[in-house]
Every structure is written in C-alpha cells, then in structure tokens.
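Same chain, two partners: chain A is paired with chain B first, then with chain C.
Then we have the complex of A and B:
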C-alpha cells in the first residue's frame, strides 16, 4: 500500500480505536456525547461521500433521509411505547419511506442537469422540514419529541451486577444502559462504514467513479447511468436513514433542529470537504475534526482568552463568542493547505512521492 | 446468416440527417473495414450499431435479432464491444479499474488477462497507474484490451491509428490480426495502408450512403474505384 493511503487509513483507524474505547478513555458525559455524535456523523458523511465524492451527485436531501430515519424510530417509540418491536418497526418504516422517496427523486430528476437535481433535493428537504415542524400531532412540531427507549438503553439498567447487586464497574466505568446505548451506536456506525468501504472497493465503486468522471463514456461502454445513479442515491439515503434511527435511540429526543435542519446539511458538506471527497476514509477525519471543533473550540478559546488577558486586542479576538469566526478561519486555512481535503491531500502527496 | 446485418439504417441527429438508408452485412470472422472520407458517416454508423445514436427501427440485426431499439448496455451484453475514436478511457481511474469496467462480473478470466498482457505488455507494467498518465498509444492499447477482456462476437473499432507513431500502429496491426482470428472486427479507418493490410471485406460510405461493398483484395486492385470513392492515390503515395 502506498504511503499516503497508509497514513490516512492509519489515522482513521486510530480514530475508530479511540471511539471503540471512548467510554473508558473519556469518562465524562459530554465526551461520550461527542464520541457518539462523531460515530453517527462518520456514517452520514461517508454516505454523502458515496454520492458527491464517488458519483458526482450533489444532493441537499441527505439530512432529510437522516431525519426520516430518526423520526421513524421516534414516532414508533412515542406512540407505541418503549420496546424492541417499535424500534424495529420504526427503523423499517424509516428505511422504506426513505427508499421510496429516494427512488422517486432519483428516477424523476437524476436525468436532469446537476444544478437542477440539487435544487429538487433542496425543495424536497424543505418540504419535509416544514411538514415535520407543522404536523405536531405526529412529530411533536417545532418542539420535537422525547420518548422512552428499550430497557437495555436506560442509564439505570445494570448490565452486570456484583454479589451485592450493585452495577459492575470496569476500569471505573459503570456497566449500565448508557454504555450499551453507546456501543449500539458504535457498532451500527462501524458496520455501515464497513459496508460503504466494501461498496467503493467493489466493481460497483469503480462504475460509480467512471460515471463521476465521464457519464457519456460510462454509457458508451454499456452502463445505464441513470439506473446506477438512482441505485447509489437509494443506498446513500438508506444508510443515512439507519444512522438517523441509531441517533434517535441515542438522543431519546428527535426534533427538526437535531435531525432535519439545513445546519446539519452544511456540517455534512464541510466535513466531506475537510476530510476529502472521494476518499471514504476522509469521512472519519472530517467528521471528527468538525465535531471536535464544534464542541471544544469555544473551550479552547476561553483558555486562550484567559491566558492572553493582559495583552491588548487578543482577548477580544479570542472571546469564545467569536468561535464561529475562528471556525471559518480554520476552514479557510484547511482548504488552502489541503485543497483536496485532509485525507485527499495526504493521499495525493504521499502516493505521488511513492510513485516518483 | 450474417453476424451483423444493417439494412436501410437512417440516423438523424438534431435537425441533421446523417445516414440515409445505410445497408451492408458483416460475416463472422476477420476484419470488415468501413472506409470513407471525413464526415461521410463512419463513426455515426458504429455509434448507431452500439445504440449510442437511435437508428431507424428494424435496421440493425445481430445474429438475426433486431437490436436497433436496445439500450447500449443490452447491446454490449449480447457480445458487441465498442472502441471509440477518443478511446473512452477514464483517465482518473487506474488501468486495472478501466479493465474491470469492461468485465461483467468484476473479475478477470486468467487466460484472457494473460492474452491481454501478451498483446499489450505495457498495460501490465502500468496496471496500477492512472490511465490518464499513459501515452496515446498505451491508451489505445487499453481501449482495445477492454474490448477483448471478455468473450465478444464483434468489436467495433473507430480509427485506432489516429495520431499514433508508426511503430505503435504496427504493433496495433499485429494485435488486431491476432484478435480477428477469434473475433470479428468492424473497423473504421482513415489510414488506407493499415486498413488494407487487415481487411477481408470492405464497404465505402459517402454522404451517409454505402457506395461500394466487396472484398478488400478486389477493392485494392481497382485503383480507379479507389480514386473515385476515396481520392486515395495521393494518400497512398504518401504512405508507401
């Protein structure tokens, strides 16, 4: 394996390893929240990379599918009560609705030019966002909804108990429902990411790359481009929906802001760009970098502002309230120094050196 | 029965009528050469057979089956491969990935891959390199290799020698001779010397109509006919 590719894979595997042991390494509620969010967003970003990076499809409906998956589980748990039956039914419902929506959008609009397709997905995502906000009786409206999850995922659930009936601790971590919920999210994310790696490494992945490079040539050697584009759109959408279902179980709350907002779509786009389009492993790096920045940049700036309190201007500039400004600056710097994203640039440079 | 039978094929592209009732038959085995001046309709003929332009209904039959309304993928599945003039290479993909695209299952038959390596050793050398980094001749080799990596009954090849160095043209000629021993080739070519060295049968197209069909040997022997149809005298003198 070439040096650049090896470096990126090693970095991504280190992140996966940190996520695997996160409950033991970072024994803090907020840090576990961050780890779970990273795991879910890796899947979201990787599935979006399958669209934009591997096939050249620009869609703004990815959060819509994420939201449909989350709402499927949320509605089932809210209206049918906590249990595995509603979880399975809600997930299946979310997946079926997602697949139908994706097939309809794909077949109707993947023949048109990329910009029109992007606009159609934007319109569809807006409609679903408005529907979720207004159908209060079903979705909880703007406030969203909270619900109970299966017994296994409740924090009070003791996975293992000692002779005294107390929950067992392993390296200081309680073996409780919260831990089970985290590993549920982790396993779902890992399996979905692995599945997408298999797809891009398969002959199907090669066809997708060929379509991205030149649709006409792909058609010329006998590939039905619209069928392939629709198929990959459905695969990415269903993957996003499954990630949404897992996230709904983790959060125990689903609302328009958490799973359907355009802010999430922008986050996904930024993560794909930061990680590197068409690399798949870049999704791990991009998702981790942006989620970490969103959670910890303010803290970091607070420390920096405190440390520079005696200096002129700097404390003002480093005021945590200005974290978005700094996030923007960091993003611009990343794009400047890593034009193909972090993973993409490392692969390009490393592999070129190896080939030289 | 002919392998490929084209009868009264017409093709309109936008408001322009390009082919007007083209008819000829390609028998199994050997190289069938389609000659003609620039803009006569040679490439359009190949693209119409491949389903990339819509031919008039009922005008293209392959092994007796009407394929004129089929999608390109269905035509390819019936055993017809197309090597376009622009080579149709995906420059951002590796040589290996370009080859995978030409397989039905994503896997290579070992003996066919060995044959590709024997015909085009450069492809083995650059197997994991981006196809965009290959030279023009190597790209043409890759394009032809893609057409023969799976069993095909007919390969449509559009101007394979265009812009290639003489040594590469010779190598390509050798490869086509070997391929044509087991697969029929319908070759569109401007380089008459190259076409003559390979062709068994020939058709000449002019202004979207077939104006001559026959054996290559007979056509080559009739200088007046060549002059009349192709204005070849000067061209031949330059190339001989």
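Then we have the complex of A and C:
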C-alpha cells in the first residue's frame, strides 16, 4: 500500500479507536458530547462525500434529510411516549419521507445542469426549514421539542449492578444509560460508515467516479447516469436521515437550529472540503477537525481576545462570535490552495514520494 | 394554435393570466388592485437583484452564490447613509430629501460596483469554468460577507428611515396603494428599460448578447470577453446593491438574515425565468412577486411553499426555464 494512503487510513483508524474508548479516556460530560457529535458528523460528512466527492453532485439539502430523520424520531417519541416502538416507527417514517423527497428532487432536477440542482436543493431545504419552524403543532416550531427516550438510555438506568444494587464502575466509569446511549450512537455511526466504505469500493462506486469524471462517456459506455445519480442521492439522503435519528436519540432534543439550520449545511461543506473530497477517510479527519474547532477554537479565541484587549481592532476580530468569519476565510483558502483537503494532500504527497 | 400563442408573446402573458385567475379567486377589485401593485413592486425589486446573477451566469457560466451578499450590503449601506442624513430627511425640504435618497441609493450602487470588481478579481477569476469550486468558493465568500455585516452592523434589526415624500398611500377607488410601491415599480421599469436599451442598442450590449450566445466565437473574433465580464459582474453587483437598498426601504426594518431570504427567492426567479436573459428574469420576478402576494392573501400558510411548487411545475414543463437565452 502507498505511504500517503496508509498515513490517512492510520489517522482515521486512530480517531475511530479514540471514539471507541472515548467514555473511558475522557470522563467529562462535555467531551462525551464532542465524541458523539464527531461520530454523527462523520456519517453525515461521509454520506455527503458520496455526492460531492464521488459523484460530483452539489446538494444543499443534506441537512434537510438529516433533519427529517431527527424529526421523525422526535415526533414519534413526543406524541407516542418513550419506547422502542416509537423509535423504530419514527426512524422508518423519517427514512420513507427522506427517500420519497430524494427521489422526487432527484428525478426532477438531476437531469438539468449541476448548478440548477444546487439551487433547487437550496430552495427545497429552506422551504423545509420554514415549514419546520411554522408548523409548531407538530414540530414544536422555533423552540423545537424535548422528549423522553427509551428506558435503556436514561442516565439513571443501571446496566450492571453489584451485590449492593449500585452501578458497577469499570475503570471509574459508571455503567449507566448514558454509556449505553453513547455506544448506541457509536455503533450506528460505525456500521453506516462501514457500509459506505463498501459502497465506494463496490462496482457501484466505480461507476459513480466514472460519472464524476466524464458524464457523457459514462452514458456512452451504457450506464444510465440519471438513474445512478438518483440512486446515490437516495442512498446518501437515507444515510443522513439515519444519522439524524441517532442524533435525536442522543440529544433528547430536536429543533430547527440543531438539525435543520443552514449553519449545519455549511459545517458539512467545511468538513468535506477540509477533510478532502472523494476520500471516505478524509470525512473522518474533516469531521473531527471541525467539531474540535467548534468546541475548542472559541475558547482559544476568547483567550486570544482577552490577551490582545489593549490593541486596536484585533480583539474585535478575535471575538469568539466571529469564529465563522475565520472558518469562511480558511475555507476559501483551502479551496484555492488545497482543493484535495487534508487527506487528499497527504495521499498525493506520500504516494508521489513512494512512487518516485 | 401554439404558434399563434407564441407570436402573441407566449409565456410573457403568464403574469396576466395569473392576475386574471387571482381576480376571479379574490373577487374584491380593490384588494386585487392593492395586491397586484404590491406584487409588481416586489417583482421589480427582485428583478433588480436577480438580473445581475442571470447575466453573469449567461455570459461566463459563473454562478455566484455570494450574490445575495451584495443585496445585504446594499441594504445596509443605504440604510446607514439615510440614517446619517436623517437631518435632511426631517428638514422638510423636498430637495434635501430627494438628495438624501439619491445619495443613499447611489452609495449602494457605488458599493456594489467597487465590491463587485474586487469580488470578481479575487474570488471568481481563479475558478472560471470549474463549477464545483465556484459554488464552494462563492459560498465561502457569502459566509465571510455575512459575518462582516454582523461585525459591522451587529445582529440587531436596523430601522430604515424613509423620505417623507415616499410615505403614505394613494387612494384609488376603495384601494389604497403605498407610494413607496409605486416608486419601486418606477425604479424597476427604468432600470429594465435602461438594461434593454444597453443590451439592444449599444455595441457593448451587442458583445454581451453575442458572448452569452457563444463565448468562444466572440473570443475568436478578437474580443476580450473576460474584460467585458468584469464590467457585467460589476453592473450585476451594483444592481443587486440597488435592489437591496430599495428592499430595505420597503421593509423599513432590516436584519442580517435578509440576504439568505432573498437568495432563495432570487434563485427561484432565475430558474423560472431561464438563466442568461433579462426578459426571462423580469418575467420570473413578476410571476414570483404576484404569486407571493396573491397566495399570501388567499392562503397565508401556503405562501412560502407556493413559489417552490411553482418552480417545480415550471421545471417539469420547461426544464430550462420559461424564456432562457438562446444558446
């Protein structure tokens, strides 16, 4: 195997390993939040990479599908009470709605130019966002909704008890429902990621890359481009919806800001570009880098703003509220100078060295 | 039959058809008149914002997702100018009021020209003919521009003062029509006529239209289409700024979210109208404006989804929009 590819895969596997042992390594509520968010976003970014990196489709509706999955579970749990039945029903409902929406949008607009598709998905996503905030009877409106999750995921639930009836501790970690919830999210993320790796490695993945490289030629060889595009759009959408369902179970809250907002779409775009388009492993690196930045860069900027409070202009620019400004600038520079992202650049460099 | 319809103007009668259907559904002439004027004024303001996007795309195949940033900046620049000149607005002198308004709109246009030039040189030029990176980069620029607006004007809604001669309403029969809306219609019509004459009566317009139709051929004849493109881009940004400034006066209270809301409507308009043609954009803008107001009156819950449904329907009927530029 080439050196660069090896480095990237090793880095991604280290991240997965860290996520696997996260509850034991970082025994802090905030760190576990970060770990769960990374796991969910890895899936979200990888599924988006199926579209943008592997097939060359630019969609702005990915958060829409993520949100539909989350809202499916949230609405079912809110209106039917806690239990596994509502979870399954909500997930299934979210997946069905997602698939229908994706097929409708795909068949309608994947025939037209890529740019039309980007615009149409953007419009569709904004309409869904507005609907979610307006239909407050069903979705809880702007405030979103909180709900009870199945018994197993409640922090008070004891997975294992000792003779005294207390929660067993393993290396100082309580075997409680929070841990179960984390591993639930982790396993779902890992399985979905593995499934996408399989898709990319399968003949289907090769056809997708062919479509990205030269649509006309792919059509000429005899592949129905529209059918393949619609299929991959639906696969990516359903994966995003499943990630959304898992995230809704983890957060116990679903609202427009957390699962539907345009900000999340921008996050996904940033993660894909930072990690590297067209590499599943890049998604792991991109999602980790950006989530970490979201949680810790703001703290860092706060410190920096405090340290430079005497100077003119600098504190205003370093204001934690302005962090998106910096991300935007970094994003533009990345697209200019490292269009392959972190993973892509490492792979290129390492492999070229190995080949020479 | 279809040939007759096409000769008589074809799809350009759609707004009229829409207005007639709405007249029947609404049933009250005075409300209908108010809504129609509101729809026309909204449509013409959207036309200002959308025309630049459409031309830029038509000429250079460049889709600028950051276009709405010029709209937001136009709105905020003109609002700030008007606020700074508020003494003139309250002075009671008509001349000073007109001057203040002209300065505010002029500031938005000037900003659009300057920012458009910089944007084209720095952001767009390196990624001609690469759609994926174009979308990503202009999106990144939009994020940065939105943040700059937030940093400069803060996240709080900004009140936009209006000159007093644009306040109030004209009463025609039973219906009252806001003066500002008539003003917006007038500005839109003047700009449209200006653009039309520029595109059809000047040498530069000829080159632009030829470039939209077949850029390689125009380049082969020795014309620098990329230089022309900078001018078109600046013009488009300036129009977006003007549209934003008009929109600010229309809303009277603006927030930094304005750009994002507009972006979606502008996209729907250019998709409906067909990219690259001024006539198509005008048609799309008026249809969307009328639709929004009629549906908002008849079925308020549907008003936002209505434009989306309209776009879907039109795309099914004509995948390239109603009146795209000949390619």
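Heads up, the rule we're going with is that the second predicted complex is superposed on the first by the 317 of 356 C-alpha atoms of A that agree within 3 Å, B and C clash if a C-alpha of one lies under 4 Å from a C-alpha of the other, contacts with A are read in each partner's own complex, and residues count from 1 in each chain.
Quick note on the criterion: a contact is a pair of C-beta atoms (placed from the backbone, for glycine too) under 8 Å apart; a residue touches a chain by one contact, two chains touch by 3 or more.
Bear in mind the structure is a predicted one, so any value in this text is a computation, not a measurement.
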Inset, instruction - Please work out whether A:116 is in contact with chain B alone, chain C alone, both, or neither, and reply first, second, both or neither. - result: second
Inset, instruction - Figure out whether A:224 sits in contact with chain B (first) or chain C (second), or with both, or with neither. - result: first
Inset, instruction - Pick one for A:213: touches chain B only (first), chain C only (second), both, or neither. - result: first
Inset, instruction - Name the contact category of A:202: first (chain B only), second (chain C only), both, or neither. - result: first
Inset, instruction - May I ask you to decide whether A:322 touches chain B, chain C, both, or neither, giving the answer as first, second, both or neither? - result: second
Inset, instruction - Return first, second, both or neither, reflecting whether A:126 touches chain B, chain C, both chains, or no partner chain. - result: second
Legend entry - Partner, of chain C and chain B, that touches more residues belonging to chain A: C
Legend entry - chain A positions touched by chain B in one structure and by chain C in the second: none
Inset, instruction - Give every residue of chain A touching chain C within the complex, in rising order. - result: 52, 56, 58, 108-109, 111-112, 114-116, 118-120, 122-124, 126-127, 130-131, 134, 262, 266, 269, 273, 316, 319, 321-322, 324-325, 327-329, 331-332, 335-336, 339
Legend entry - Footprint of chain A on chain B - complex, ascending: 50, 52, 71-73, 75-77, 82, 84, 88-93, 97, 100-103, 105-106, 129, 146
Inset, instruction - Please give the residue numbers of chain C that touch chain A in the complex, ascending. - result: 57, 63, 65, 123, 126-127, 131-133, 135-137, 139-141, 143-144, 147-148, 150-151, 260, 263-264, 267-268, 270-271, 301, 304-305, 308, 311-312, 315-316, 319-320
Legend entry - In the complex, chain A residues that touch chain B: 202-203, 206-207, 209-210, 213-214, 217-224, 355
